[in-house]
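Listed below are the structures to be examined.
After this come two complexes, each holding chain A, first together with chain B and then together with chain C.
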Partner chain A sequence: MDNKIDIKARIAAIDPAAVWSDAGDGMFRIPVSSFRETAEMLRKEAGFDFLRSLTGMDWGEEGLGCVYHLENTSTGGTITVSTADKDRENAALPSVQDLWKGANFNEREAYDFFGIKFIGHPDLRRLFLRDDWKGHPLRKDYDMALNPLNMKNEVSDDDAPSYEMTPDGSYILKRHPLFEEEEYVINIGPQHPATHGVLRFQVSLEGETIKKIDAHCGYIHRGIEKLCESSTYPQTLGFTDRLDYLGAMQNRHALCMCIEKAMGLEVSERIQYIRTIMDELQRIDSHLLFTSCLAQDMGALEVFFLGFRDREKVLDILEETTGGRLIQTYNTIGGVQADIHPDFVRKVKEFISYMRPKLKEYHEIFTGNVIARERLIGTGKLSREDAISFGATGGTGRASGWACDVRKRHPYAMYGKVDFEEIVLGNGDCFDRYMVRMKEIEQSMNIIAQLIDNIPEGEYQMKVKPLIKLPEGSWYSAVEGSRGEFGVFIESRGDRYPYRVKFRSTGLPLVSCVDTIARNVKIADLIAIGGTLDYVIPDIDR
Partner chain B sequence: MFDFGIVTNWIHTQLASVMSESLAIFLECVIIGVCLLLLYVVIAIIMIYMERKVCAAFQCRLGPTRVGPWGSIQVICDVFKMLTKEIITIRHSDRFLYNLAPYIVIIASVTAFACIPVSRGLEILDFNVGVLFFMAASSIGIIGILLAGWSSNSKFSLIGAMRSGAQMISYELSVGLSILTIVVLTDTMQFSEIVMRQADGWFIFKGHIPAVIAFIIYLIAGNAEVNRGPFDLPEAESELTAGYHTEYSGMHFGLFYVAEFVNLFIISSVAATIFLGGWMPLHIPGLDGFNAVMDAIPGFIWFFAKAFFIVWLLMWIKWTFPRLRIDQILTLEWKYLVPIGLVNLLLMVIVVVFKLHF
Partner chain C sequence: MKRNVNIKSMKYEDFNDNEYIENMLRELRENGTNVIVGCLDEVIEWGRSNSLWPLTFATSCCGIEFMAIGAARYDFARFGFEVARSSPRQADFIMVAGTITHKMAPVLKRLYDQMADPKYVVATGGCAISGGPFKKSYHVVDGVDKIIPVDVYIPGCPPRPEAMLYGLMQLQRKVKAERFLGGLNKGISEKEYERQMRADTNTAEDYKEYDESGLA
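And now, the complex of A and B:
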């Protein structure tokens, strides 16, 4: 770990008070006074250009703060830093949203849940909760009785607050209007066929051209992270399937992996094989649905049904083993719920030989269609720098030329041992985002084909104590979900319950970059962009 | 070929023998009006049923199967459902225009429908500038759509209406140009006359190259004219929820819906009439035996077969192709179809002048 020692020295050079804490994965604890300077150093000099995850934290006595998981995309080095402000009533941290664009929405989330003011953030509105919500629910001193059931309609603010710090240490609150008086603003969503769920875009139009987009999240916020804090570790598993329901397997895999890492538990090879195959089946399922929905959004209803026809076959296979079609409930801590069905291997092989020629059908009807190409090629470009800065992982990042596949970056389960190609295209437009997914279906089938015949014998569930307690510390582990890096951050105080669980949403960075991508395009392009970004709303809102 | 003119003349003489001439004509007008509306509704029901079955076939589905044999009663049930639904009035909408809009659309559609010759002697509106009248009547529908979008006090409706205004007015040009190409070939604008001239071969064969080009342009432009996919931007459901009729409910929505389907039929039947010979059977000059067999099939069967064939063609396109974007639609029309249409018109003039047609 030469790299880490080097970084340690550089961080210490900025502020000697920064300490390395070793519990769990370990992290640097940096005093809030020198945090901004350290962050700038990490971003600009040390090249940590990808903010994997930003987690708001309530450390009780130590104050409110944030944990930043950073990665250098050129060397692959990772680092975790944290900072905290002891003043609980007026916690304020310097904003880093100008260093990593992805921090914009994440800081809003941290403000929403913990009441941390981010100095220099231009738009510090609540992200998920109502504007008239009282208190900040993920703080440990939050009183549940503050917010009785509210039967009144929500009135959302038309202006964005921002906080500035004066030299004497007090704050100035400024408010900026979101839209000008004379702008023609329409609501796309929360009930709209093309937002794929309850997401609301306020779109300012000039004729058919989009001038500005303001995304409103939180219509399906269920407080899953808060719920996790009062659940035992096995109980937390159930929530993950309800995040990104098209990545149920992978989400649960990430959480199980994180808990197993904290417990120091190695699972058997059979379990690794089964988990990998299941993840890839889930990915095929998700990408087929992606193609269907994109085609439907663009008006090609025939392709929509082709996708559903083939997806049904995947679901049938999954259903036989897991009993579920959408909500799989399959991975457990130290294994899987049930052994694979006796027909599983045969049916998976049948499916692969069925699916390979069928992919040509999609290319004939949709990929090659002149209208589809006209609509997709060149629209909604996301540059590589922006993709990294926003943290837009998954197919979106890879279409922009960023090799961001967690399966290659930090191999887990069987991915280090199978041979597959990471699809990276360069244009960053809608068409590339579509093609990445189509080609990934083939790669997923390659992975499955390599594993399916060699599933080793063994147990499908390791021996795990019924009462699971994690040691003190914090852990982060990530999998490649169907639409990007899905990470789980757990902080434990040695209890049966996690102290804090944070899910790195795959969709939130995708939504946060919509405004950048979709400026000066037509309404119809916004639909194509939304379709190709492929976000799932329950995953964003959590 | 059976001439329905005999039947209508017989009815007229019978009526005139028991009442005054003017009363007889009035009575006939009423009967024809009722028959026209009945036919309109029947065509609408058949079209909706066909749409559901055809689209199901393209999408690996079955479509309606439960109500009646092969689900054939389904649409009739839906009509009754629609009739019983509440017509919701929108707050701050322009009440008068809001209620008027669907009727303008339906009147335009019925008037255009009346121009089409179904069989020999079965023409309702048939005079020497029939083509011109047809074009004028079908254009009125745009006003209804614009009014619907404007008066519903909804931004989605307004955008949908503006889109359809831009689109339909543009594509009117191409429809006009391609019909004009055939008018140049026939030197008549009367629909019945156009059909009669195709007795020795349909215009798509007689006019060969320019006629085929005109036919293709007509199909594209006609499809856009009735707001069907891939030109269904005005009501693009994934963008504007339902476009100009977002705020309509009950039978007011039903009128838009019915008009859309019958307009598709009208566009197809005009294509069948001016390019594929209308009710005229397939005749090959010189083969008298073959021609006699073809003549045995009644004219209205020929007409409906051709019209529904084109309807099927357009449905196939709709359910397969993705939707175009508004600027692409206008580019396609103004930069490609109109110039090609104009050159094609010139080509047809040359063909006619030098008698290069069959």
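And now, the complex of A and C:
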């Protein structure tokens, strides 16, 4: 708390007009004029080096703005700041993409959804929607009829716009070419078996060496955040499973946690146990799929079959209790959908004793394989500083030596009480990203083994009113998803519907750092890099 | 000409919608065929229905279940689907596994156009059939049948692997009930078909802008 008061004083010293509002988690509102200066102070002096989430907002009368969730990775302190521009037609905020690299894609997203111009951003193209899209869909005054289905092939712009400040305080539009005339650019995706879904890269090559990568997202952008605004709170739950379908349990856990936090509801210990075990089963499932796909992309088809063989066993356990294989729709507000199956405990134990020796098989076939080692060790390095700056959490961050596990940073559910090791490796290359996941499977089994015998008696669903209304305010909750920090930000105006829901995608930071990782590597290594980054495209596009 | 739609993997009476297939057969019979061509047809369709190659195409969740039926437990290699092709030019059918958004729609259409005839489309899961849970969204196509013709619908969110196999077997039966030589059972005249094939998604205007002066 001392820290917070200190920060308060420092923010007030820069601009006395900055206000602290207490509703929900609480946040600072900083006037646009002094926002850039405050952001620089927070980054450089106060050490907030990790931008957890950047959320574009439409506050109606108060204008358009952004909410920034920041964290200091050395002290663990967090802070939420926001800023807004009253001018709805020409909303302009200073860009912070030079302070946090992760802000680059997030600001493009906010521009895409809200039409906020970020002054000083070098490449303010739309991120998700087509370049010829009309309007900005997440604004409250957006008209659905503006954009009927357009079957004309999309023409991508060859240059990127940027808004730059002039000395007299106004700003001018400049355009920069994305690729030079003499560059050799090839297109990978959106339909490509190694992009793990519909992601598109434009790759500039010199011989076989990659000089620059431009990522195009949005081919599976379903507008889930906008859909949430017209759904009641229980209805919003269904969408989270379909964001990152390999982390369906964890995603839904995050949203339930956030709503429960806002309602002030404590769930029983039995629910915490069940949720934790389910999250870890899901993580094992996801990491097995990761290994399968990575190996398949690199041509080792046998590992694919091994991975799916073991994965089916996890799915069977999940299915027995929840009724769903891939998308379980299990967590609910204040509990879980159904009590665990009578065979659940026995089957989970059987699975763990089956899985532990099987892991050796993967190491024998794949980890020790000469070709795999040649292609993975030393390729695609990401430094610790870059990982933090991009906000590349999960296995990617931990392979770069950043201890970024939400289960340790902000323990939730039962994670504060179980004993497990956070796998942190230091090389930041493809091989370490692979090994982090393999070792995490063991840790997940350790966590489950500690919990499975002691599931306490109690109710599996707390008493919750059928009509859920949250008080006014804003809340942020995060869980450790299968591939990084998955966060949920809810702003409520006291209605049955959320005013704004933002999902912190685990994959977006991973895609934004592909350009940094893949520069000056061979194009064939891009497949290994993409495979080990382990992004899920529907989670990026939302 | 007596044609059948029996397939080895599943009994005829175990299928739910035999009436639809019977209608196709009746239509085939009514149109009449030469004996030699008919016999050849039967052999060709037998071969074709047992070696349908899918395009590896997946946009979201259903794609993972599509991978699951490729793995050992469900193993669609038993029915001849295992040769998943990454190029649309080599694929027989496209399994639209996942949501199709406005940005993806022209790409999907182009993929479909690139496939060689005879080609089929399987709409997998709620999103591909009708938009699913995202029907009200500003960026989701509510049903791929709005942009490409669909042969088989497999409902579910995502469908179980068993459901996918069932749907693929329906596709096999449909292939068996088709005519291969002497024009496809497209339900449109040959002229109309030619016209549709020539009409690409690229409109004539795109070519006007194309500047050839820089080319050597």
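Things to note:
FYI, the second predicted complex is superposed on the first by the 539 of 542 C-alpha atoms of A that agree within 3 Å, B and C clash if a C-alpha of one lies under 4 Å from a C-alpha of the other, contacts with A are read in each partner's own complex, and residues count from 1 in each chain.
Just so it is clear, a contact is a pair of C-beta atoms (placed from the backbone, for glycine too) under 8 Å apart; a residue touches a chain by one contact, two chains touch by 3 or more.
From a predicted model like this one, the values you see are computed outputs, not experimental measurements.
With both structures placed on the common chain, the touch criterion links A:E208 to chain B but leaves chain C unconnected. In the superposition on chain A, A:Y233 contacts neither chain B nor chain C. In the superposition on chain A, A:D297 makes contact with chain B only, not with chain C.
With both structures placed on the common chain, the touch criterion links A:A372 to chain B but leaves chain C unconnected.
Of the two partner chains, chain C is the only one that A:I327 touches; chain B does not reach it.
When the two complexes are overlaid on their common chain A, residue A:R309 makes contact with chain B and with chain C alike.
In the superposition on chain A, A:L246 contacts chain C only, with no contact to chain B.
Once the two complexes are laid over each other on the shared chain, residue contacts for A:P193 go to chain B and to chain C alike. When the two structures are aligned on the shared chain, A:R130 is found in touch with chain C, with no touch to chain B. Chain A is touched at more residues by one of its partners, and among chain B and chain C that partner is C. On chain A, the patch touched by chain B and the patch touched by chain C overlap at residues 192-193, 304-305, 309. On the side of chain A, the complex with chain C involves touching residues 128-130, 137, 142, 144, 147, 149-154, 190-193, 197-198, 218-224, 226-227, 230, 238-239, 242, 245-246, 289, 304-305, 308-309, 312, 325-327, 537-538. Across the interface of their complex, chain A is touched by residues 55, 58-61, 155-156, 159, 163, 229-230, 232-233, 236-241, 319-328 of chain B.
Within the complex formed with chain B, the residues of chain A that make contact are 184, 186, 192-194, 205, 208, 295-302, 304-306, 309, 365-366, 369, 371-372, 374-375, 522-525, 527. Residue ranges on chain C touching chain A, taken from their complex, read 56-61, 63-65, 67-68, 71-73, 86, 88, 98-99, 101-107, 109-111, 133-134, 136-141, 146-147, 157-158, 160, 201-203, 206.
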